[in-house]
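Shared chain: subunit A. Partners: subunit B in the first complex, subunit C in the second.
Moving on, here comes the complex of A and B:
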């Protein structure tokens, strides 16, 4: 096995590309990221590891703009993310210049995934160690979209997805609780999903909401705290409702 | 072999040596080998001069309420280059153009909803329009939607710009109908690209502009617009020696393009100016020689 993970372009006898799988491991160690698509709102929520007191938290934004109508969050190696994001931003502008139209979400996702794939089939380089969640509105039809890419270069469209640490449990939660939502409900769903694996509190979560009219908006800590409090209250009420009928019967 | 360096047009240079072959496809700018000559600048000038007189044609297009009307003549001349041998026959010292063909298709069908007109080098126009058609189709397949007229004209303009100064001679109009309505762009081999509502290109364009501009209104019906286009081409072919043959008229509407008519300009002349039967003043009678 050890001999088959040196050079990236080499398959192992049982058909694995070990470097790509190790990159996926790196993703699994990265911070949790959730994306939820509503009918008119798309939300990205990312786990924020506790910021050191002296660090300026605004310089470590985890959810970034690729263009006015497209945003990206990722899990994995942040330095690799910076390179990929820069290339994607250039491609968005280059497309605008040559075609005189903004990119579609699918186009830029395909571009990023293509880039990630290229680095799995070239000599002397390693794959990008990150999976991305890309959200945006189609510039022509206005339909919201959520896409995910991974280090192997595959991509697909999702109603809701998670990547990074404990993404499986988050995805399970989403599969159980996903419904078509809009506006604030979508934000709540995304935060509820992330709270399954993250300590609750505004300082541990970074949330950004994208709407067609206003583009991307990063939520303030206070706002997030308020929504978290809402969610906790709802949870408590649900627990109480479960217990109350039982006591009546007994 | 000298190779032209287009790195100034690159959006970004490769990050490190290894990444060169990765970036080739994404960032490579067009380039090709140059001919081996003693005086390359002089060769360039001579090549451009040779091709310049050959924009012998009349093409026009205009946007109106119901889409775009596109019209052109069909004569292909080969400029003064070939005619130097015929100078002996040139008694009146006017430019004699050897009409190489009277039936050249100057309106090129790029795809079912976009047309391109040909003025300048016929081969250049035909090849690059065909190439543009390929690029438009690839865009459709990759993006699941048609390319806009703005985008298509920009693709062509960028290609022509990268060959600027190398002797291409293209003066074309890209006319089409897309989501934002009717689109008309003028693109030429100098790298220029203009968006507009009325254009005429070629040696007969001054004559065509005269008729077109004076008869134009946005609210023309399809028949009236077609007649205006046909008349403008006719007048240009009448006065310009390098234009003639058949006046073709196409209409591009929301459902795509449709060829409306193709009339011989000689016959059109007589339909506009029918021969009046002259009144007989005096009949010549047979005189019997006694």
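Moving on, here comes the complex of A and C:
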């Protein structure tokens, strides 16, 4: 039995933890996920690979509630996600029981990241193959927050971020186009970012919006289609505006 | 001595508890809330050892919440009752909780229901139940006046009858009672029945 406690994640001669880097590879292969923080709204949007016809899509929720005021989306190994999400949900209730206060977003992010780190420094286990995007409102100040964790156990706070497939392109787009938004504008920005790498359409995107008053709300396919249509219309109008002055000059 | 009692009406359930927090001969406070709202449609009235009461009901409340997050749907009242009873039973032969519980809930498919769970983990689904010395009077009143399918007004009349009996016949009767109700619109506080109000606290001079 002692044979199976040997550490699997060990340093390479040049200072790399290969298992963690391979885990990051697994994340890179996972579906794209975007998070955008507005002044009063936080949005998570996740790519939905085409649903097999016989599958009940309601059983594959990609954006989940950890507590009334905290939600999580992730990219990578979904089975590993189930384990982390379960532990986080228990921690949220346990914290409420002992401290009589809801967790802050930072606390639960630190907890999840701590868990991910533990599995890079324990015998006989491999790291979790997922990065998470955690959103929520501070229960006391009401400030919105967006955090990201990764398989190494690092975490940081973001105004907007992406993880999973093509996350670099999405992040570039966000860096170019991020502004302080609120309400529906935040939703549009998140969807626009995701549409950079995902086929447009309500059936390919899952979107959830969190507000202080209403908590997490999953958008219906029809709503997403409507917003996508809006975005396409705005894009078309922008293209037309660009072309019009050119033709005038010629 | 603490009193908790409850009954089921036409499409609602009521739980009543006294609100005195007592330590030996000292009354700490007379507005203690002993009926925990477990979730949107469940009430848990508890009496017994003060620390155990608060700890155990909060523990059940957090587990009910956890179930909802894990599974996307709330626990049924029956499942909650069985879970509560299971926890009491597991602790019984090691480190027992000295808490008596009346659990009331409203489920869409089943309607209102009431469960009697005592400190040695018996579980009974009932129409009316009571704990404590007050139960001698409350149960007798309810046996005499309870009918199936009472309206809220009729049920509250019966509750007031029980409270009157407890107040007049129990040597150390609790002065104040709290009534909570659960129906299709949710669990909420219904009313207080106070015969002693805390003296108004003077505001500090500016």
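Quick note on the criterion: the second predicted complex is superposed on the first by the 242 of 250 C-alpha atoms of A that agree within 3 Å, B and C clash if a C-alpha of one lies under 4 Å from a C-alpha of the other, contacts with A are read in each partner's own complex, and residues count from 1 in each chain.
Keep this in mind: a residue touches a chain if its C-beta (ideal position, glycine included) is under 8 Å from a C-beta of that chain, and two chains touch if they have at least 3 such contacts.
These numbers were taken from a predicted model, which means no experiment stands behind them.
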Subunit C versus subunit B, contacts on subunit A by residue: B
Touched partner set for A:101, first subunit B, second subunit C, both or neither: first
Contacts of A:168 with subunit B and subunit C, given as first, second, both or neither: neither
First, second, both or neither for A:122, with subunit B first and subunit C second: first
Which of subunit B and subunit C A:51 touches, first, second, both or neither: neither
Which superposed partner A:12 touches (first subunit B, second subunit C, both, neither): neither
Touched partner set for A:65, first subunit B, second subunit C, both or neither: second
Which superposed partner A:90 touches (first subunit B, second subunit C, both, neither): both
Subunit B versus subunit C as contact partner of A:154, first or second or both or neither: neither
Doubly contacted residues of subunit A, that is, touched by subunit B and again by subunit C: 90, 94, 97
Touching residues (chain side subunit C, partner subunit A) in the complex: 58-59, 62-63, 65-66, 69-70, 72
Subunit A residues within the subunit C interface of the complex: 61, 65-67, 86, 89-90, 92-94, 96-97
Residues of subunit A that touch subunit B when the two form their complex: 90, 94, 97-101, 104, 106-107, 110, 118-119, 122-125, 140
Subunit A-facing residues of subunit B, complex: 11-12, 18-19, 21-22, 139, 142-145, 147-148, 150-151, 154-155, 158, 179
